[in-house]
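In what follows, subunit A forms one complex with subunit B and a second complex with subunit C.
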Partner chain A sequence: MIHLKKDETKTMVAVHGWSGILLGLLLYAVVLTGTAAVFAHEIGAWSAGHVTTQSAFEKPIDATVRRLAALTPAKYQDDVNVFEIGDHGLGVFFHRHDVDAKGKPAERGIYYQLDNQGRILRSVEGLDEDVFGPRNDDALSSFLVDTHVRLHLPNPWGLLLTGILGLAMLVAAISGLLIHRHLFKDIFTLRTRANPVLANRDKHSVAGTWSLPFAFILAFTGSFFSFFGTIGVPVVAMAAFSGDIEALSEAVFGNPGTVDARPVAIGNLDRVSADAVRRVGEAPTFMAIEHFGRADSKITVFHNPKTSDIEPVVLVYEGASANFIQAKPSVGTRPSVGGTLTGIMGPLHFGNFAGMLSKAIWFALGFAMCYVTFTGMRLWLVRRMDEKGSFAWLERTLTVVGFGLPLALTVSAAAFLITMPLGSSVYWTPAGFLIASALVILLSIVAPSNAMLSWTIRAATGALMLLLPLLRLLAAGGPGWGEAMAVGQPVIVALDIAFLLVGGWLVRECWRERRPTRTPEPTLDRVIEARS
Partner chain B sequence: MTLPTLAALLLSAIPIILLCMGDPKRLRAADRKGSGMTPSRRRTLAALACVPGIACAIGGDAAAFFMWLGGCAMVGWAATFCFRTRDPDSVS
Partner chain C sequence: MLDRTDISSSPRRRLWMRVILAGPVAILVALTLLAGMPLWLPGGAAGIDNLAIPLILAPLIWAGLFFHACLDRNLTRVALIAAGLFLVHGGLVASRLLAPAPVVEKAQ
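And now, the complex of A and B:
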């Protein structure tokens, strides 16, 4: 494919191998949770037993927002964000621009959480970073997303770390492309029972080659999101807005216009959402009201991409009259290449631009990325099998992360299903994950061999996955298959079936490995034994 | 939206699977020498596999194009796995 000189190839192999082995375990964690997070919305509906299918924006919201405005102090009524939460309930955040304890721009206000009947479930007052935490009914999906986005590290360190991991993935993809001389010749060659180096090389390179375009796309868009707020915005603000991030946001993402602070009641929000649905063909995902209750108020309505497109739709309305003004690009006020590129970053990263089919394909691509990362580290180890003494610990670490992480995520799902009815899932979902992780690490210390460690973790994961649908039904009180289908939530049934199939397959594989006739996957231990 | 994308994927899946079945290196690794496809036939099948994606792109259907691209990657990977070589002493 691309021919490099021998010493250049050697350097590239070193870059590829060491960048992978140094950051591969963290990258694997980010990619695996990202793969699951493709279905975060569906996992939320499955785990919390959501049975409503009509969007909150397809029901009247105008009276609700006015009622909440009457309850809210005037100091928080500069801007309002309206969005869906839980089982198609409504989240409404009345706020004003402020600064946090470190002097950074933030939003301070009152966040109302309403159910799908318009009843206030909870209201929280404070800065945006404090009020938008996980809730009892979305603790599992929030946990998945937060692990993927910032590995639960405080801002900005978590975002910086995941951004660096994205860049490492980009480096690995480019160096992998350069060192693989027979990219297309080898694309169909998978010798699973060849010698360990060849078998692992084939597994890694075949999956890597097929998913190469998406390795670039997912790594680049992921890094973009991580570095956007942490580095990009502050640097641009410093260069062009004298460090004023608020002014940058207003200029780049806002709706500039003549200031008119006269008090004028907000227009009919139901008219705005009905018009937005008519123009786009589906309900909005988010509504932002600037200068609430003023003559210069603007309402920005955000939608998923239209059919056949991957760029999200943003519509702008006059706040006072609720009249449509324009379709706005994601960046700036006029269409531009930069605006379009920024707009498509999200759909290309999350795969949420065409319903379940695009999500399913992105999930499979995410799984391929996990597989490439895992088999790459395994190949690095197998190539150094003569140095067993130095790298046996790394093989166990790889098993702990590679198989232990799915187990810990499954335990966190089980913990959520058990504790959600008790109202303590926000605590127990991450606690379950940590307890399972600690047990896996402990097991890795006491297990007699890596093969035994791997077998135990996979068997436990399979058994627990088989239990998840039962826990959902019996412990969490979720809807049965008949009820879920009747209310138009087939995703609940689909996820139950997926857990049963994957769990059943894992248990079956582990059961078969106990038979002496079946040769298990070669491990460093066995390879060394066979050689001596 | 879903049906045209699935149709494009299916149309590309056929040549991809044929390419996999007739891949010379895969067949050599399986010790089935001499039964691989000729380069011209492989090029033709590869071009045919790209036609639905190009049609999506020319038609301005960006969503279908990206789903087709990702779907083809997964079809190719799955086909390679299904036709994997199981012989213990394969050639390198």
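And now, the complex of A and C:
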């Protein structure tokens, strides 16, 4: 336990409150979309109706890559990235190192998108930042991830903003720990029969305390990812490599070796992927080929962490012979403190190190963080109820973001399911979100009371969630529950049930409350009445 | 423990000094540490610890400086520590940038 003096505790309470209230609404948006993005892969499979379960790396890829190489201009054949897309299809990016319009290092080449039968669906030529946009079949999961990572702001501003939000969360988590006078007592104290202010404070305190270590990890790893490329790498490169970012990347991520530019055909990629599956016990997630078609070619194969481990697995092979060279850390050529720490940042942030179990825990704790952020801002408002005239707008804003964001995300999911078969989901998924957001903001202006605004948004969200499984089945032409189970995709059924349960619960709660009176009745007033 | 500077300052002035030390000064010092630490940290077994560790620790370094500025009663001490860290690491970076031939610590 940390015991601060009275004035220091007062300072920490102020820091805790202001760090939340200044950036809390944006932080809530980032945490909520991040919570959903924990299941981005599963949401992608659910929304697009994926029925293939065999990894693209467990099927022959060698002939496909050679066929694509024959189609690709030699200028783009320096390096090749191979990875899974869509319903276990293949993405292949032939490229060379280049610079973008601002002179920053980038990769330029041709990105082939293939289905799970090896047919080319689309090919795009350009810089990496341009070719890797959302596709028609993953527009929903891409939208979720992009909202979480950079709030759809252009780089680097979006990443900088989410990085600052991560720091605000770090400050809120640490100051939250410091202001607890009775930490162990507080995590078990729930006075449900106390007045609403005390009961809400207890709920906030219990949820916040239990998720405190998680909040710290998420904030720390999240701000690391946001600042890594935008500030960290340029600053370190400036000091240690005279500003040469390529040299820094080569030192940290590269596979050093003797340069040998003699043309030698690439080894058998099927042999590499089969060997990687045998060594790790599961299919790779990514394959990077350096110096494609040269004698000094190297193939790096990336895997998720093994069961009971938290560090991702990286295997290196000789490109020309396809022979195994070594297992190495994600960063550096041999195990080291820095390499291990960098390697575990991803699994710690994404919660993907122990399959569904870790993802479910990360989702639950992420949801707890949303609750803590939302209730924290409400408590801050209630404490200032004497000044409620000046903060009434903030109460409505809190309702718009707190309940409106889930509604807008549900609308974007519905828009995706309706427009994916038409091939226009890349446009309509974000458009649906924006239209719903605009309608919620408009409603917040015309609604006679905050209670009515909250009720309407929650009822609409519940009703739409109940419709999502039907839209998936009828509009998007997705598989039924029997077919999904038969092909080994229980996640489709699980997400349908989750939407039905949450939607049903929301509608039931709203039905119980009935429609609130049309007379203005700010929630803050109700709290004051309960107190008096 | 309060020093004379702290006693003579008005509460509002002290608050603003604290805000400046916890805000822009903490950011500036954290960035300087990020640039300077690779020049003295050991490379480790893979020769990359000096590069990776400052990148990983950057958010925590900032948080440490922020909370020190918020909680230490002696603002002079906060300013001296921040200035010391800034001068040492800023000096290291300046000497590296002004050196005639860059000596880059390569990965092993």
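Operating definition for what follows: the second predicted complex is superposed on the first by the 514 of 532 C-alpha atoms of A that agree within 3 Å, B and C clash if a C-alpha of one lies under 4 Å from a C-alpha of the other, contacts with A are read in each partner's own complex, and residues count from 1 in each chain.
Everything below uses one rule, namely that a residue touches a chain if its C-beta (ideal position, glycine included) is under 8 Å from a C-beta of that chain, and two chains touch if they have at least 3 such contacts.
Remember, it's a predicted structure, so these values are computed and weren't measured experimentally.
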| task | Specify the outcome, clash or fit, for subunit B and subunit C once both structures are aligned onto subunit A. | result | fit
| message | If we overlay the two complexes on their shared chain A, which of subunit B and subunit C does A:174 touch? Say first, second, both or neither. | response | second
| request: Could you look at A:99 and tell me whether it touches subunit B, subunit C, both or neither (first, second, both, neither)? | output: neither
| query | Which of the two partners, first being subunit B and second being subunit C, lies in contact with A:233: first, second, both, or neither? | reply | second
| query | According to the contact criterion defined above, which of subunit B and subunit C contacts more residues of subunit A? | reply | C
| said: With both complexes superposed on chain A, which partner does A:485 reach: first (subunit B), second (subunit C), both or neither? | reply: neither
| subunit B versus subunit C as contact partner of A:358, first or second or both or neither | first
| Looking at the overlay, what does A:261 touch: subunit B (first), subunit C (second), both, or neither? | neither
| said: Quick one: is A:74 in contact with subunit B, with subunit C, with both, or with neither? Answer first, second, both or neither. | reply: neither
| task | Have a look at where A:194 lands relative to subunit B and subunit C in the superposition and call it first, second, both or neither. | result | first
| note | Min C-alpha distance, subunit B to subunit C, superposed, in Å, is 20
| task | Would you mind writing out the residues of subunit C in touch with subunit A in their complex? | result | 31, 34-36, 38-39, 44-56, 58-60, 62-63, 66-67, 70-71, 93, 96-97, 102, 104-108
| subunit A residues touching subunit C - in the complex, by the definition given at the top | 4, 8, 11-12, 15, 166-167, 170-171, 174-175, 219-220, 223-224, 227-228, 231-233, 235-236, 238-242, 247-248, 250-252, 254, 256, 329, 331-339, 341-342, 345
| Of all residues in subunit A, those that touch subunit B in their complex | 185-194, 198, 206-207, 210-211, 213-214, 305, 307-311, 344, 348, 351, 353-355, 357-358, 361-362, 364-365, 368
| request: Would you tell me which residues of subunit B are touching subunit A in their complex? | output: 1-2, 5-6, 19-20, 23, 25-26, 29, 60-64, 66-67, 69-71, 73-74, 76-77, 79-81, 83-90, 92
